[in-house]
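Following this message is one structure expressed as structure tokens.
For reference, chains read A, B and C in written order, and residue numbers begin at 1 within each chain.
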Amino acid sequence: MSRSPQTQDIASPWPLHAWYVAAAADELADRPLGRTICGQPMVFFRGAEGQVVALEDFCPHRGAPLSLGFVRDGELVCGYHGLVMGCAGRATAMPGQRVEKFAGIRRFAVIERYGFLWVWPGDAETADPARLHHLAWAESPDWAYGGGYYHIACDYRLMVDNLMDLTHETYVHSTSIGQKEIDEAPVETLIEGEQVVTRRFMDGIEAPPFWKMALRGAGLPDDQPVDRWQICRFTLPSHVLIEVGVALAGKGGYHAEDRWKAASTVVDFITPETETSHHYFWGMARRFAVADSALTDTIRAGQGKIFGEDLEMLERQQANLLRYPERRLMKLNIDAGGVRSRLMIERAIAAEQATPVDAAA
Amino acid sequence: MSRSPQTQDIASPWPLHAWYVAAAADELADRPLGRTICGQPMVFFRGAEGQVVALEDFCPHRGAPLSLGFVRDGELVCGYHGLVMGCAGRATAMPGQRVEKFAGIRRFAVIERYGFLWVWPGDAETADPARLHHLAWAESPDWAYGGGYYHIACDYRLMVDNLMDLTHETYVHSTSIGQKEIDEAPVETLIEGEQVVTRRFMDGIEAPPFWKMALRGAGLPDDQPVDRWQICRFTLPSHVLIEVGVALAGKGGYHAEDRWKAASTVVDFITPETETSHHYFWGMARRFAVADSALTDTIRAGQGKIFGEDLEMLERQQANLLRYPERRLMKLNIDAGGVRSRLMIERAIAAEQATPVDAAA
Amino acid sequence: MSRSPQTQDIASPWPLHAWYVAAAADELADRPLGRTICGQPMVFFRGAEGQVVALEDFCPHRGAPLSLGFVRDGELVCGYHGLVMGCAGRATAMPGQRVEKFAGIRRFAVIERYGFLWVWPGDAETADPARLHHLAWAESPDWAYGGGYYHIACDYRLMVDNLMDLTHETYVHSTSIGQKEIDEAPVETLIEGEQVVTRRFMDGIEAPPFWKMALRGAGLPDDQPVDRWQICRFTLPSHVLIEVGVALAGKGGYHAEDRWKAASTVVDFITPETETSHHYFWGMARRFAVADSALTDTIRAGQGKIFGEDLEMLERQQANLLRYPERRLMKLNIDAGGVRSRLMIERAIAAEQATPVDAAA
């Protein structure tokens, strides 16, 4: 197998041999979807059996974006002159033309699972389905999920930093999930297998507004002291899942029985678009009141507002860093989660650069 | 005659010794008009006898755009400090100043004809009125004309390609003038003197919606089979005139008597602004129902909608090509019209580079 | 004292050792204010005693703009992770952290006076309060003041040129303060100490609309001939104060007793933001009807409209100059004020480059 020069020969700011969320599954119905992932313009569509296909968003005929076209019989028809692009990235037909010798375009490996489309931006031949994360909450009837999407104009790693250090909640989200006890509680950072974990426990505190809402949703009183926890788990390439919750104080906290707590997982899939922008798929999976779809909507609206608060801060931070590229940022104990996560990313990139693709595949 | 260094010493992406449409004549009344043509900011205004004048849009005093000024007694007064610029590009007066030694600015040759302003972006001394196209339809009472203007953010040659290969109508304009028979009919490309011609004939087909409207406008039934034709004619520097029409089937098609057909000429004057943008003057000249101004408006509205559909495709194609500058596009038989037109453009540019201006003048 | 490399080692397009207006004092209340001055992003806030503090707008922790934070107990709290930045540019606290060894950020010297915040963009140690202009009108009950702010996308020196040559009023402001007599009156340019002065006197003319309004405001008839004057005074770094007014004709003009005239000072503080943009603080200080706040509002509205007319001209002029960087502009007699002011600026910059900071401090 030969190496593809466009993906291997220059240092990449992100791992390429990994599964990234490209879209929520319900974003893709009858029409093609164009989206740039890890610097590569891609078009997604559904083939004849409904399977997801990901190709380079570039018609080999005249360079038009294929995502401006339409799907017919499970193939993608270019909206400019009607070249029919098959699921393998080879033209299969074009009115009045013999297409056998037409140049092909890149095909990307893609998997639909857990309600998302996962794409592998490295060479498709190296794609390893076994490396797709297992998300138990996405397959279990014991969990409910709601989420959304933001496009954010900053390096995806600034979002990883953001989520691996929740002390920012006290400041950025002071009216919803922030409270001064977050600042005051010590944070632990540790490596658990292939995860970077930061965690913080706050016992006997008053729940902030978002969690009072969640307690009511779970059928629990919102006026009593609670034990609160936050356990952030980074995994390659750039996913952050955060176990969060509150239990009525003294019932065991994180380990309390379900009837005493409102517990959920904040889901953050962070997909690079360019070096200074990313796609942010956020949501919350919860184990309480799972049949209550109104509560799902309320939580989604609350999360949407909270994550919107991060957006301005991150984009302005990015602008400041571009202005002062030579400055070294501090690495405090609270930053250890981001620092260790970035190190894991750098090692993955270095390993890709060093490893022949044949061995990796 | 000496060569002007700013126009001759570097390769140009467009011929300079040629007449381009700068504006519709009715765009220019009492106020000056600023417009960049072939990379050069120009100001247009009417002199004392109503004649059109084109100058560099740069006041020699302090660099203000002269197009922000006003016209007084057939001269252009700078809106900043009142320098009076004469029709020859020399200051003629300025309050409290002696202007004899003021630096002049460039004057461009310009002709008003056929309802348009035609400018020659090369040295004015080389301008040859004999090289202005003759447009019989623009001077004859047997024809009616209506048209409009779009600014499009792509290389003007992508628009030439677009118009010299009408197979795109099937896809881009599927609800108005597109139909699958365009794809299916063979296309011919030939050189006729100084024209590149591509043509296509479709006999015994159903007229698409735009042509049904035109048939009704011409007093003909819209529910009968028609013979349809498209004859695209490219001429330097970048004009595309397209003979289009439908005749009731079996009456002779393109050669049918006027009473059996709705025939017109699609007019496309494509004027470079920058290397990645152009001015697009589009319209339709027709030989039926010429006194029906309501029909003129209906056709203009229909064309405006149709050409607006091209706009997104062309601008997105341009963006894709800028992203992949090294890729070679295909040259299929349907692309032959564009390919031959670009070759004619390249030869004209090369001839300008090689020819001393004295000889060309 | 050591030299700060970021301010001294490259040529600057503006003097750094000078006081610039950063804001109107009432722009700064409880929340911090971010503004870029002379290319440097700064955050302004009020310390515990209400004093103004100016710091670099960059949190040393993670590079967030401090201006997105908030003020608590006279210190600036970063809105991202709660670093507390003291008035000296050193972190004083951060939850869970020892901040003694945190990197500091730049502090800028700043003075609140005359209703404005004045900042010294050079090293704070070199700031010399004695070099702040004395503005008598701003401290006297005999004067009233009203003004506003515009952000303008052009080199600050183009605004200096504009204000030191008021012949443009005839053209740019033809409906308010312009009149052809400005063009016709000779202009004088002279150096008075550290000022560049241009002046023009127009006797026995009809007052233009703005001044008719002012005459009525001063309780004087608006239908009689007046003597009008304009005396523009440039001082470093880039302030232009213009004595303007009209007196009933034959009463002594500029030297007439107050009861015969409407006299005021146009105030223009021009603060560079980047090389192609500046902050423009404009206003009018007047010695008539000082208790009439409705008149203040009327004048402010009139000035706002007038200075808005300059804005398009200046921004388009800037665009033209960027397109033709090699062209030399003319230096006519009417331009002498701007030419001499620019020379004074250049000499100040050269002196800063040549002078060791120790000597300048």
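One rule holds for everything that comes next: a contact is a pair of C-beta atoms (placed from the backbone, for glycine too) under 8 Å apart; a residue touches a chain by one contact, two chains touch by 3 or more.
Which protein is which chain? UniProt says A, B, C = Vanillate O-demethylase monooxygenase subunit.
Fair warning: this is a prediction, and the values are worked out from it, not measured in the lab.
Colleague: With a step meaning a move to a chain it touches, how many steps does the shortest path from chain B to chain C take?
Modeller: Counted as steps through touching chains, the separation is 1.
Colleague: Shared interface numbers for chain A and chain B above half of all numbers used, same, or below, different?
Modeller: Both copies touch with mostly different residues.
Colleague: Suppose each chain is reduced to the average of its Cα coordinates; what separation in Å results between chain A and chain B?
Modeller: Using C-alpha averages as centres, the distance is 48 Å.
Colleague: Among all residues of chain C, which ones touch two or more of the remaining chains?
Modeller: Nothing qualifies.
Colleague: In their shared complex, at which residues does chain B touch chain C?
Modeller: So the residues of chain B in touch with chain C come to 41, 57-58, 60-65, 68-69, 77-82, 94-97, 102-103.
Colleague: Contact residues on chain A for chain C in the complex?
Modeller: 161, 165, 167-168, 170-172, 180, 183-184, 186-187, 312-313, 316-317, 320-321, 323-324, 327, 329-330, 332-335
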